[in-house]
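Below, each structure is written out as structure tokens.
Presented sequentially are two complexes of chain A, the first with chain B as partner and the second with chain C.
This part shows the complex of A and B:
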């Protein structure tokens, strides 16, 4: 059986979206953890002078890093689109897919883009008054960490769709993993109250444990989306099993 | 296996299945266990940093309320286990009654828990009073949220039991597994927040 060329492959758009998702999450990690060093988050207890020092130490990284996000951050739409596609492929109402799409599109503004804009504003004029810089610093981190709850309902919608689906698009355990992820989005809420400790925006519970869960969750759903594309038959019924790979695939090709 | 799955034959006690209910639910149990282990580990670490403060604050909790809640939740776990047994035996009406009793235990637990929060808040022990009470409210509240989700599972269980067209034994066991998880997470929280000195 001859493998179709890229131009003939009916799954090429899906693969394009999947690779764009990989590119996006790599850019995201490099920008937030290396270039801008906005993750792990700065200390919530910093006073105005310390915040000015924080901006000074990251001036170039903030401008370059978030310029990259402003140019390429739209790639985040590809993962949302693929997830929406996965829900459309399920046996559930399309209302699930549309709700997820709208929720995540709206949630990306406070949960992802706001920090980029605010921190870039802070880096733009380092001679601004320390009190104003601290205001921007608080706004940036609180918008990023404190609004995680906006993603909660989206996770629950995906969970419900997976649990109700009869097409076997995703395994049911991933539906329950969505619930775990949704619950960790709840525990970020105390970061609006605490300036230090486990519940502050950089705390062990509000950030470190959550980021481990989110990292695992993201890795799993990217893998499962790949599996979905491999299994996709563009029908409306149950998804077939994954085609064989490795020696089994070689034997199948030889037999054909 | 899905929430919407319909009428599977009830499995007997001699079933060769490895785990009761959906294996996927056991993945959830494992993941939540890891998550609560992390939360409780952070709590215990902080406790070692401020032993006097934690001991003093812990003494202000009403141990009897925690104990009553533990008994209520243990009872609910026993009742839902009986519900599973009744469903396996095909006695669905009795199973349904036990599902309602489980829900009643859950409501009683919530009532005591909210009362305890009110008592503590009136005593001046709020979420921000000190580190111990921050953990106390956090751990009991996150468990409370799990309990609220538990009512959704009980709703699915009742939905399954009410109609002869449904009655999926695997779904009944899956819902019961979730409820048992609430029980054992609470026992960990009760032991570490209320009892351990």
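This part shows the complex of A and C:
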């Protein structure tokens, strides 16, 4: 059987949003880990002179990388829209879906626009006084890792919706993975206090463990959103099981 | 007073808001002509000392009314309900960027007003506020770019005999998205077309935003008239 073309596919809007989500998270990873090297983050204990050296070492990377976010960062709305849709698909109040949509929509400004603006301002004038450069460096990293509440409450809203849902939109274990993501926002709070150690913004807990949990969580939800789209039947009741794939599917079609 | 009257009030408030936007634009002395990123800290400090009142009043106006873009965006979102889509995904995408787009600009007005709050502070600190304001204002386009792309896709997929918006509106939104992208690169240059006062990052970007508002207001007005005529006929 020929696959329907994109324009004829009844799930075209869902697939477009899903692929845009993949594009966004790839750009995000490349910009933060490779181009700007702001992940893993700089050391919170750097003095003003060391911060100037940090900016010097990644001058072009910061400016080019964050320019890409300024151009394409708005694609982050596609994953928020898909998740909002997934909640609308559940047997819970629309209040859950709209809460998630608004929480994550407003998170964009403090959660990633700030670090892009502040690091760009730091990189564009390397001759600024070292004390001022350190001020920007602190604001960049603290606003990025320290924007907590929107992700904390957003994850709890999604968790609660999944656990209450009777339509089987997501497996219940994923509800608990949301709790893990929410907890990363709890254990990152001490990065507002400590300059060194496991709880500092680059520490084993506040960065390494959190990034692993967030990475796994993001990978899992992108995969689960894909299977939601595959199973979608545009009804409001329970989602159908996934069709068997491979030879079994061929046999089933042949028999019918 | 029904749904229709409420939408008409929102719609006809727009020309008044547009007058305030234009007035604030021309009242801010840093836009005509746009300030140079090459100015020294002393020159930047002198600018805020010499034009303190105009900076404050123009930015108070922008702070009050830049978010008045949101009701226009919601009129568009309401029209999107009539598009031949199977899911509300694209509507959620547009709502998802509708708040952040003007809030990025509101953040810039805060930095500009902070710069003007104590014009006698150390010039380097006034320059810092000025840089934060200009980069937030100039580079803060990701939500507008995404808004145009989401609308272009939504209109492109609205395949019915009488689509909500004409096909050319999708093309227009793609053109505007492309026109906004160079501004994202303003941090890379202190002079030339990409600098925050340059041809692409200032003039093309701001003319694109102004054209988008005018064109989308006109097409949403037409779509509302059709929609409302249908609603009234059904009564």
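In this text, the second predicted complex is superposed on the first by the 247 of 256 C-alpha atoms of A that agree within 3 Å, B and C clash if a C-alpha of one lies under 4 Å from a C-alpha of the other, contacts with A are read in each partner's own complex, and residues count from 1 in each chain.
We adopt the following convention: a residue touches a chain if its C-beta (ideal position, glycine included) is under 8 Å from a C-beta of that chain, and two chains touch if they have at least 3 such contacts.
Note that the coordinates shown come from a computational prediction; the quantities given were computed from them, not determined experimentally.
Colleague: Using the touch definition from the top, say if A:120 reaches chain B (first), chain C (second), both or neither.
Modeller: Only chain C; A:120 stays clear of chain B.
Colleague: Looking at the overlay, what does A:75 touch: chain B (first), chain C (second), both, or neither?
Modeller: In the superposed model, A:75 contacts chain C only, not chain B.
Colleague: Which partner chains sit in contact with A:198 here, chain B, chain C, both or neither? Use first/second/both/neither.
Modeller: first
Colleague: Counting touched residues of chain A, say whether chain B or chain C comes out ahead.
Modeller: Partner touching more chain A residues in the overlay: C.
Colleague: After superposition on the shared chain, which partner residues are touched by A:128: those of chain B (first), chain C (second), both, or neither?
Modeller: Once the two structures are laid over each other on A, A:128 reaches chain C alone.
Colleague: Considering only touches as defined above, state whether A:177 meets chain B (first), chain C (second), both or neither.
Modeller: In the superposition, A:177 contacts chain B only.
Colleague: Would you check which partner chain A:222 touches, where first means chain B only, second means chain C only, and both and neither mean what they say?
Modeller: In the superposition, A:222 contacts neither chain B nor chain C.
Colleague: Can you check the complex and tell me which residues of chain B touch chain A?
Modeller: Contact set of chain B toward chain A: 1-4, 22-25, 27-28, 31-32, 35, 38-39, 42, 46, 127-128, 131, 134-135, 138, 142, 145-146, 149.
Colleague: Spell out the residues on chain A that touch chain C in their complex, using ranges where they run on.
Modeller: That would be residues 7, 10-14, 16-17, 63-64, 66-75, 77-78, 80-82, 84-85, 88, 101-102, 104-106, 108-109, 113, 116-118, 120-121, 123-125, 128-129, 132, 135-136, 234 of chain A.
Colleague: For a test of understanding, state which residues of chain C touch chain A in their complex under the given definition.
Modeller: That would be residues 37, 85-90, 92-93, 95-100, 103-104, 107, 124-125, 128, 131-132, 135-136, 139-147, 149-150, 153, 157, 159, 181, 183-185, 187-188, 190 of chain C.
Colleague: For the complex, give me every residue of chain A touching chain B.
Modeller: 163-166, 171-173, 175-177, 179-180, 183-184, 186-187, 190, 193-194, 197-199, 204-205, 209, 213
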